[in-house]
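To keep things simple, chains are lettered A, B and C as they appear, and every chain counts its residues starting from 1.
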Amino acid sequence: MRPHLMAAAAGLAICAGMAGAQSLKFPIGEGDFNWGSYDEFKSGHDLSGQTLSIFGPWRGDDQALIETVLAYFTEATGVNISYASSENYEQQIVIDTEAGSAPNIAILPQPGLIQNLVSKGFVTPLPDGTADWLRENYAAGESWVKLSTFKGPDGVDRIYAFPYKIDVKSLVWYVPENFEDAGYEVPTTMEELKALTEQIAADGETPWCIGLGSGGATGWPATDWVEDMMLRTQPPEVYDEWTTNEIPFNDPRVVEAIDEFGWFAKNDAFVAGGAGVVATTDFRDSPKGLFASPPQCYMHHQASFIPTFFPEGVQMGVDADFFYFPAYESKDLGSPVLGAGTLAFITKDSPAAQAFIEFLETPIAHEIWMAQTGFLTPFTGANADLYGDSTLKKLGKILTDATTFRFDGSDLMPAGVGAGSFWTGMVNYVGGASAEDVATQIQSSWDALK
Amino acid sequence: MNPALQGVITIIVGVGGCIGYFFLSNLVLDKFVFPPVGKHAGRNINRANLVRPWLFLLPAVIALGLYLAYPVVATFWLSLTDRDAGGAFVGAANYVQMMNEPKFWEAIRNNMLWLIVVPAAATAFGLIAAQLTDRIAWGNIAKSLIFMPMAISFVGASVIWKLIYDTRPADQDQIGVLNAIWVGLGGDPQTWLTIPFWNNFFLMVVLIWIQTGFAMVILSAALRGIPEETVEAAIVDGAGPFQIFFKIKVPQIMGTIVVVWTTITLVVLKIFDIVLAMTNGQWGTQVLANYMYDKLFRSFDWGVGSASAMVIMLLVMPILIWNVRTVRKEMR
Amino acid sequence: MDNIAGTKSSLTWAVHISVVLLVALWLFPTVGLLVSSFRTADQIATSGWWSALGTQKRQEPAIRVEGDQVQEGDVYVIHGELFPVADAKVSAWGTSSREPEAYEPGQTVDIGDGDTLTVSESGAYTLTSPESLEGKRLPRIFSTAATPPEFTFANYRNVLFSSTAAAGVGQSFVNTLTVAIPATIIPILVAAFAAYALAWMEFPGRSLLVAAVVALLVVPLQLALIPLLQFHNAIGIGKSYLGVWMAHTGFGLPLAIYLLRNYMVGLPRDIIECAKVDGASDFQIFTKIVLPLSFPALASFAIFQFLWTWNDLLVALVFLGTDDQRLVLTARLVNLLGSRGGQWEILASSAFVSIAVPLIVFFTMQRYLVRGLLAGSVK
């Protein structure tokens, strides 16, 4: 019964693969895509009949998008891809790797989790040239190399993961016409942003919508705030020391950054609904206040994915827009940008898995998704003109204008802190606890992990 | 082959295999191993009767041992070792670390609350529902409606109740029923899930809502099993409906009530989906199972995670002892 | 409830009223979800579901003027409707977020650059301009309007027929059935024999075994996942239907044995002892007497086990895998929510899609439940 079944399953998979191949999103050879890179990749890789399993964080519409990219890999190499995701992908990947049924490729947004898997020996190092490739081809290459480097089970640092698709976090979303109606200007420095916040409050309106609710992950939006504030009050080196715990979490500089966030979030006059509802308001519902009539708030700090949760019919660039979350003019720290992203790594080595990592080094793997929606890349070899809309272009510009780029700190910390006590600590903080107490608690949870 | 077809074959093979196993093993025992004939007939019958229970139990014992007992042993071992140090034996260090965490004690306190409130409430509501619906014509429809939450997954249930507990700022329309009523009565909008201590009860309501259907179905079966004569005799003696219910019916189904109570207690000990989805143990609502989940899959601290699992299993001890005693009583 | 025994009719009334209250209380949350599943995401987020049932007067979110301009004389005009579908009644409107209720319906207002705008009571608007409106950002209209109830099937269409779901939901439905049916029948069968042995057969260690079953009831599932998947990989089952059936059997057994044993213990002792005296073997007693008498218990456990396997996400993901061809319904519906989740309208409609089968099962099984119970009481 079993071989028979396998054959049937393979047959089905081939059919699915062919269906994918027929529906390539952009016909090969047309448009401004770098088809040369595609052809070159194709000529070097004939892996027909092989299969590749990929486990990623993208579901729903995002899954449809990644599958358009994967279709080109299948077309070029003949490899059948089965892409899968799951709601609790962190748990799933841990169970699968521990039990020995790992996918070929895993793509995850948490470097902390990847470090965990790497140190248990579940991840295959990437080829030697990868570091050089990132340095040369990614904007601010060195910071990407650093992000992709993990300490192996033998204690040696190697490149284990390949960054692909990033999000910019240092953004403030607003409704341009509401600003016009009230006569507000887009602030370009943190001093102006704070003055604007006070002015809106003085006008009897509410400046900010802040929501930390996210089910089991409640609290994470606040970590983005604190990280952004960290980059705006301290040099990036201090940020790095903070995320690696070389300076303790309750260092006065960190406490100061937390209180900078508190200046916005813990003031009843500054937040829609008052500080009390910040922790329970769902982060997905929170931006809807911008579009209410009359507006419940004027500004919302969130990463580049948030337009997904804007009300239906909101047109980006017309009904809603964003500006860069500005830096202090007085501190002279340039324009730091906070971001996040996903990293691809090999959990079960095979020629197809190696080929997939090489595929991610071709411009075409980036351009296909760029030309659609919700994708940013630091890959300088990809044609920036292909960005699907003006919003993405503008986001891309923030990324290239950045003098400092830093990865989401909570994702760099061990999961017990970055996806645990940091989240809960921020909830306690907006609930009334002092920044010192919260920071000390987080530090003690970090100590417990050592 | 189509998986559905494969499923049908499996059902046939599986069910047939099970029945075949039970039938054939009995046959072999009676006909060949210890046939009740010949000069050892009497001794063979006794021997066969010694072996037979184990034939009946064998598949269950294997499955239980492999799927549940073995993981427990493995977990116990993990709770005594440190995985990051290559699995070195560390004695009680994980337990000590756990005892030093305030979150653990909060979870213990909350679990105690849950253990007192949820089984009692769900059983009581289930008993009332079973008794009342048995007396009316549309009782089956009513039962189905009360049972319906059982058919909703924990995640679905969490969504429903999040919608009920939702809070909006005072100047907006409330979309949560509870706040809408509260504001309608002149109160300020409350963030129910963050009110210390009481928020535990708001979470418990969800589980009570789900488990009442379970209690009702089992108890209703038990109530119908009560011999008519006892009830009729009581009516003749002039007992009122309350007396009949509490003095005649409840004592007769006491065994079933205890079973229901026990089952719900065990569900409570394992409950974490609701807490995870609604508060993730914040605002003082942590429970042991969610604490364990947090340690296992968020912090990857398998030592402490396993230690907290052992605590969950330890909490079941009183129920265990009680069950052993009832079984002993039955045997006499 | 009435305390006086004998006043039968008032007592019956009290029972009816209590049941109605109880049912209403238990149904209320689900009704909320049901109503929400027919509303759009924006509606769910801005007003309570109960308000969807009647006419609602509220401030609508801003609507931007859109449409093709036509030249009428020397002015350019755009005609449009604020509420093309709903039968709304505008009571006030405005063009600024600061003054959303500045104007009356029917009023014609100068909005600058010589442009004028008017909004009628029915929500029809007319924008006129002396110059071409081509390429110009058109104004937003804020309105306060009374709208009748508005429901949509879009959520269900999304769940059942959207491009990401269409290919999969039917397949997943079959997959879930394939998982759930064997995973319901096999544990019951195995448990029934074990329960009989624990209830009616004398052997040393019986009470200890019962205790072990109770103890295993409390084992958290999460502990078992990794060792068992390792085991499945080691014996070559890997991630497959066979694996998920075995896992559900293992996890469902303790409760099955516990419930069935307790039911069987309650069966009348004389019937079984009579049969023994008549020379029936244990196997015969079990199949001919105990099994038929236990039908209600078997049926109710079957319902529970079916519900659990149907609603299960974790066991299926771990032991069956996330492969698209084998994805179960719960996993498929969760994936529909997108990478960041939280879409209540999809959650609501998918909850009702997945609840449909368990409810049908319950309603059909319930008849057997009642029949079995009646048969049992004629003992």
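Everything that follows uses one rule, which is that a residue touches a chain if its C-beta (ideal position, glycine included) is under 8 Å from a C-beta of that chain, and two chains touch if they have at least 3 such contacts.
What you see is a predicted model, and the numbers here were worked out from it, not measured in a lab.
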Remotest chain, chain A as reference, centres from CA atoms: B
Chain pair, most C-beta pairs within the contact cut-off: B-C
Identity of the most central chain, Cα criterion: C
Geometric centre distance via CA averages, chain B-chain A, whole Å: 39
Chain A and chain C, separation of their C-alpha mean positions in angstrom: 31
Euclidean distance of C-alpha centroids - chain B vs chain C, Å: 21
Touching two or more other chains - residues of chain B: 6, 172, 297
Shared interface positions of chain A, touching two or more other chains: 88, 215, 292
Multi-partner residues of chain C (at least 2 other chains): 45-46, 313, 334
Interface residues, chain C side, partner chain A - complex: 40-42, 45-46, 59-62, 64, 96-98, 100, 137, 140, 142, 163-164, 225-226, 229-230, 232-233, 238-239, 313, 317-318, 321-325, 327, 331, 334-343
Chain B to chain A touching residues, read off their complex: 1-2, 6, 9, 97, 101, 167-170, 172, 189, 191, 193-194, 276-283, 294, 297-301
Complex contact set, residues of chain A against chain C: 9, 12-13, 16, 53, 55, 57-64, 82-88, 92, 95-96, 98-101, 175, 177-178, 181-182, 214-215, 282, 284-285, 288, 291-295, 305, 308-309, 311-312, 315, 318-319
Sites on chain C touched by chain B in the complex: 3, 5, 11-12, 15-16, 18-19, 22-23, 26-30, 32-33, 36, 44-51, 58, 174-175, 177-179, 181-182, 185-186, 189-191, 193-194, 196-198, 201-203, 206-224, 227-228, 231, 241-242, 245-247, 249-251, 253-255, 257-259, 262, 265-266, 281-283, 286, 296-297, 300, 303-304, 307, 311, 313, 326, 330, 334, 344, 347-348, 351, 354-355, 358-359, 362-363, 366, 369-370, 373-374, 376-377
Residue ranges of chain A touching chain B (in the complex, touch as defined): 1, 4-5, 8, 88, 90-91, 94, 116, 215-219, 272-274, 276-277, 279-281, 292, 296, 414-416, 419-420, 424, 427-428, 431, 448-449
